[in-house]
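Below you will find the structure I want to go over with you.
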Amino acid sequence: MKEKLTSLDTALAPIASGASVMFGGSLLRRQPNAAVRHLIARGVKDLTVLSWAGTTAIDMLAAAEAIRRYEGIYVGLFNYGLAPNFRRGVQSGRIEVRDFSETAMVARLRAAAQGLRFLPIRTLFGSDIAARNPEQIKTFACPFTGEPVQAVAAAETEFTIIHGYKGDKYGNVQWPVVRDTDDMDQPMAAAAKRLIVTVEKIVSHEEVKRQPSLTYIPGQWVEAIVEVPHGAHPVACDTIYDEDDAHMRDYVARCATAEGAAAYLDEFARSVADHEAYLDKIGAAHLASLDVSGGAQ
Amino acid sequence: MKEKLTSLDTALAPIASGASVMFGGSLLRRQPNAAVRHLIARGVKDLTVLSWAGTTAIDMLAAAEAIRRYEGIYVGLFNYGLAPNFRRGVQSGRIEVRDFSETAMVARLRAAAQGLRFLPIRTLFGSDIAARNPEQIKTFACPFTGEPVQAVAAAETEFTIIHGYKGDKYGNVQWPVVRDTDDMDQPMAAAAKRLIVTVEKIVSHEEVKRQPSLTYIPGQWVEAIVEVPHGAHPVACDTIYDEDDAHMRDYVARCATAEGAAAYLDEFARSVADHEAYLDKIGAAHLASLDVSGGAQ
Amino acid sequence: MNDQSATFTTNELITAYLARQIEDDDLAFVGVGTNGRAFTLAVGIPLAAVRLAQMRHAPGACVYWGNLLEPDLSEIPEKLTQDSLTHWQAAACPPDTGTKCDMLMRRAFDVCFNSAAQIDRFGNMNITAIGDYRQPKVRLVGCLAQPEHAAFVRRPYIVVDLDKRTFVEEVDFITSVGHYKGGSSRTETGLSEGGPRLVVTNKAVFDFAPGSKAMRLVSLHPGVTREEVLDLMGFVPEVSEDLGETPAPDAEELRLIRHDIDPNHILLRV
Amino acid sequence: MNDQSATFTTNELITAYLARQIEDDDLAFVGVGTNGRAFTLAVGIPLAAVRLAQMRHAPGACVYWGNLLEPDLSEIPEKLTQDSLTHWQAAACPPDTGTKCDMLMRRAFDVCFNSAAQIDRFGNMNITAIGDYRQPKVRLVGCLAQPEHAAFVRRPYIVVDLDKRTFVEEVDFITSVGHYKGGSSRTETGLSEGGPRLVVTNKAVFDFAPGSKAMRLVSLHPGVTREEVLDLMGFVPEVSEDLGETPAPDAEELRLIRHDIDPNHILLRV
C-alpha cells in the first residue's frame, strides 16, 4: 500500500486555472469547503465545475468568479434559498450551465466509473435539458427494440474533491454505520481520475481493516488524503457536526451583493493563512456548539 | 408498511413449472438451498434459471431435471470441483446454456433494475459468448464516437429467490457490518419483479430501523419473506455458519451418477416433510459444529 | 368565504385532499427542499398528507424522503437540521442516491409531489431558469429529480400556489415534461405513459382533460370563485362540466393533522 | 535435470518468476477458484507471488481477492473456508462484485492471473465447454470474469501446466480473447490494446511475439529441453532468438516463500 497522506497545499497544487473539477457532498452535507477556500485563496480561475446538489462549495467558487462552466443537478443553498453568487454568475452570462437531471447525472458518473463513453437513460425526451445540450445528450435507437433511448456523456473531470468522515494514511475512507447518504460521493470517487479526499480525522489502518465494508472510498482510488477537521464548515458533516446556522445566515446576508460576497471571501478565504487559522477565526467554542458526535452510534 | 412474513409453502406457491427464476448467493455462500429443495419436492420443472456464481442451488435443480435453460457466469462447486449434475444436464443437451461474463451479467442486472432494455459493455468483442448469443448480445455504434459497443439484454425473470441474514416482517433484510460480499444479491434484489427472501432470523422492525444503512434489501422490493434458519445448508451463511464439508463431500460422491443424485434428492428434498424435518435429519449437533457466529462482530 | 372557511386553513384543506389521493401501499416520493412557502408546498404538505393517509385508510403507504426509505412518519424530527435527518429512523438508507434513481426509472414509485416556478397548460414545469437559458433573468436551482418524477412516477401531484407568473402559457425552460404539447404528444417523444395527475393549488384543483391533456379546473376551494382562479392564471384552462367544491377536511382529519401530525407547526408553518 | 532442480520446486520457481513481474503499486486481480492443482495455479501461486513481490521490491503492490480489496497478505488464513474469508482483514469490502467489474472496465487493474482448460497460439482461452457448445463433451464452469481480465487488465499472466490437451491449435470456445487471430486483429474486434503478457507453465515461459502476436517460447525451466516442451503442445510456437533458461529463485526468495509466505503449504500444496 502506498502512503497518500499529505497537506492541503500539496494535495491541491496540481489544480490550476482552467481545470475541470468535480466536488462531492450534497446540500448542506460534506461540501469540501476547506478545499474550496484554499483554491480561492490561490486564485484558481476558469474552472469547469461538476457537482451533485451543490451549495456553499459551488457558490463560493462563483463568488470568486472562478467558474467558467457548471454541469450538475442543482446549485442552491437548500433551506437558505437560492445560491446568490451562482445566480449572479449565470445571470450575467459569466457562468455557462449545462443542467442534468438526477438519473442523467447518475448515468454520467457510472459511465465514467465503467470506462464507458456514455450510458443510456429514458428520462429526458421532450425536455429542454436535452434540447439545449445536443453535444452531451444524444438520442439513439435501442439495439433490441429500435425504441428511442438517450445517451448521456460520461462525467469526466481531471480532478475530484470529496470531504469524508475518517480515513487512513493509505487513503481508505470510511463512513459511520448510521449516516446520511443523500449524495453521490461513492460513485463520484469511482468515476474520478485524480481523487483528492479531505477527512475529519486520520485513523490507523488497523481500525480501518477491522470493518472493511465501511470503506466507501478505497485508497486504491485516491491520489491524496488530507486531515481537515471541520473541513465542511459552515455546512454539516453528519454524525460529527451540524450545519452552522448563524454562519449560513451571515453568508446569505453578506452575499446579497457581489461586494459583500467579495468581502466575505477576503475575510474567510483570502486573508486566513490556512485552515487552522480559519478554524481559529470561527472559534473553538462556536465549533463546539455545532458538535453532534454524541448522538452518533 | 405491509406485512410480508409468510411460510415457504405460501411464498413459493406462485412458482410453477416453466417459470423463470433468478437465484441469489455466490459460490458456497447464501445459495437459497432450502427454497430449492422445496421447489424440487413440489416437482417444479422446465425452469429458466439465472444466477451469479451458482453452486448447490443450481446443481440440485439440475439433478432434479428441473432446468430447461441456464444463463449466468458460473456453475460449479467451487473447491469441490465441477457441478456434476449440471454437467450431465448440459452434456446431454437437456439444459440449454447462455454464458455471460461478469461485466455482462452485472450490466444485465443493472439494466433490469433501471427499467432499461439493455446496458452497454465493451468486454465481449471476438468472444464466442457474444458470437453464440446474438439474441441477447448485440453490437451497436456509440452515439458519440461511432465506436462499437455491445448491448446486453436486461436480466428479467418472473421470480427471484435470495437467502439473507436477518429481516423484519415487512421484508427489510439486513447484513452484518463485517460480511462477505462476493456476490450480486443486492443488484439482483433491485432487478427483481417478484422477490422472495428467506432469512436466517426474523427480528423486530425496531432493530432494523436503528441502523437503516445495513438494510441491503428494502421491504419495498420484497413480495414475501420467510424465516428459514440454516436456509443455505450445506453451504455457508457467512458470520452465522460455515459450509458443511462432510455433507458437501458426500453430495459430490453420491452425485457421481445420476442415480446417486436422484437418491440424494429423494432423501434430502423429496422425502422430508419440510425444512424443519430436513434440519432434524442433518441433526442439531452437526449443525452446531458449523456455527461461527461467535466470530462475528 | 363560506362558513367553513374559518374552521380550517388552506394548508389543512390541501393536506386532507391529497391524503385522500393516497392509496394503500403507495410509495410516495417527497423531496427535501428549500425554505419558507416552498418548503410547505414541496415537503410539509406532502409529508403530512402521507402520514394522514397512513393513519386513516392507507396503513401501508410509505415515503422515500431524501435518501431514507420509509422513515418513521410517526416521529417526524422537530428540527430539520442535517443531524436530525441522519438520525431519523427508517427502514432503509441505501448507499447513495443512485438507488432511488434506479427505482424511479423502473417505475417503483406510485406517487410524487412537485412544485415549480412555472407550469404550463400541459403540466410541463420549470425549476431551472426564467428568461433566456444562457443568460437568464432568474437562475433557479437546476433540475434535481423533477424530470424523472414527471417521466416515471405513476401519479405525480403538483402542489403549487396559483399565480399568473407561475401558471404561464409556455414555460421558459421545460425542466420536466408533463403532457408535453397535449394529446398523445408525450408518448410520441419517447416517454412512458403517465404525466401529472392533479394540480392542487391554494385556490382550486385541476386535472388534465382526457384527450386534449390540457389543464382542467375540477374544483374550487370553499369560498373561491371561478373568476378569482382565472384571474390568477396566465392561460385559460379547460373547465370541467362537473366543476364542484374541493371537499373540506372532516373533524377527524383536522384533529389528526393538528394534534398528531404537526402539533408544532413545522410542516404546515407558512 | 541440472544441479539446481533439486533445490527448489517448480511451484517455487514459478512463484519467484511471477513475483519479479510485479511492479511497485501494481493492483493485481486474483481469482477465488476451485480445488487441487487448479487452486495452486489460479490462487496459490499468484497470492504467493504478490506477497513475495511486496516483501522484496514492490511494497505498494496489492491484490483484489474475491471481493476483498487489499486483504492483508501478511496473514493469509490457514483454512480457506467461507468464514475465514469473511473475517480476513482488508482495506475495503465493496457492497457487491459490481464494484470490481467497474474497476475492470475502467482499467484499474495492472495485473491478473488466469488459468484455462484450453489456450491457443494467440492466447485465447476456454473455460466454458470442450467440444460442441450446445452439447459439449465436457461442460466447464462458464466464464466468471476471465473475459474482462483479458479485455481490460494491463498485464495478464497466464499460469497453466503444459499439456497437449491444453495448448491447442484452436480452442473449442473462445471464453476470453487474447490476441485473437494475431497481428492487429484484437483491436480490430473493438477490444482495447492489451492481451496476455506471458504464459508461465510448469516447463517453460512464453510471451507473444511483436507483430504476429503468436505465442513464443522465451525460456525453459532449468533441466527442461525444447523438445520436451514442443512435445507437450498441440501447436508449434514461435521460438525466441534469445531462448534462455528461466531464472531460478534465489536463496532469499526461497526462504521467504518457505518460512514467511507459505509455511503450512496451503498455497503451493500441489
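For clarity, chains are labelled A, B, C and D in written order, and residue numbers in each chain start from 1.
Just so it is clear, a residue touches a chain if its C-beta (ideal position, glycine included) is under 8 Å from a C-beta of that chain, and two chains touch if they have at least 3 such contacts.
Computed from a prediction, not measured in an experiment: that's the story for all the values here.
J.: Shortest hop count from subunit C to subunit D along touching chains?
T.: The fewest touching-chain steps linking subunit C to subunit D number 2.
J.: Among the remaining chains, which ones contact both subunit A and subunit B?
T.: Joint contacts, listed by label: C, D.
J.: Counting C-beta pairs in contact, which comes out ahead: A-D or A-C?
T.: A-C
J.: Measure off the straight-line distance from the CA centroid of subunit B to the CA centroid of subunit D, and report it in whole Å.
T.: Comparing mean C-alpha positions, subunit D is 29 Å from subunit B.
J.: Would you mind pulling out the distance in Å between where the CA atoms of subunit B average out and where those of subunit C do?
T.: 40
J.: Going through subunit C residue by residue, note those that touch at least 2 other chains and give them in order.
T.: As it turns out, subunit C has residues touching two or more other chains at 93-95, 105, 152.
J.: Mark out which residues of subunit A touch at least two other chains, giving numbers and ranges.
T.: Each of 110, 115-116, 121-122, 139, 147, 149, 178-179, 181, 210, 212-213 in subunit A touches at least two other chains.
J.: Graph shape for the chains shown, where an edge means the two chains touch. Line, ring, star, complete, or other?
T.: Drawn as a graph, the chains match no named shape, so other.
J.: Which pairs of chains touch each other in this structure?
T.: Every touching chain pair, ordered by label, is A-B, A-C, A-D, B-C, B-D.
J.: Please give the residue numbers of subunit A that touch subunit B in the complex, ascending.
T.: Within the complex, subunit A touches subunit B at residues 115-122, 138-140, 142-145, 147, 149, 151, 153, 177-179, 181, 210-214, 297.
J.: Help me check something: in the complex, which residues belonging to subunit C touch subunit A?
T.: Spelled out, the residues of subunit C in touch with subunit A are 32-35, 39, 66-67, 80-83, 85-87, 93-98, 100-101, 104-105, 128-129, 133-148, 151-152, 173-177, 180, 185-186, 189-192.
J.: Note which residues of subunit A are touching subunit C in the complex, please.
T.: Residue positions touching the partner: 26-29, 52-53, 72-76, 78-82, 86-87, 90-93, 96-97, 99-104, 106, 109-110, 121-129, 131-132, 139, 147-150, 178-187, 216, 235-236, 238-239, 242-243, 245, 292, 295.
J.: Where on subunit D is subunit A touching in the complex?
T.: Of all residues in subunit D, those touching subunit A are 25, 27, 59-60, 62, 68-70, 72, 89-95, 99, 102-103, 105-108, 152.
J.: Mind pulling up the subunit B residues that touch subunit C in the complex?
T.: Those in contact with subunit C are residues 1-2, 110, 112-116, 170, 172, 190, 205, 208-210, 212-213, 215, 218-221.
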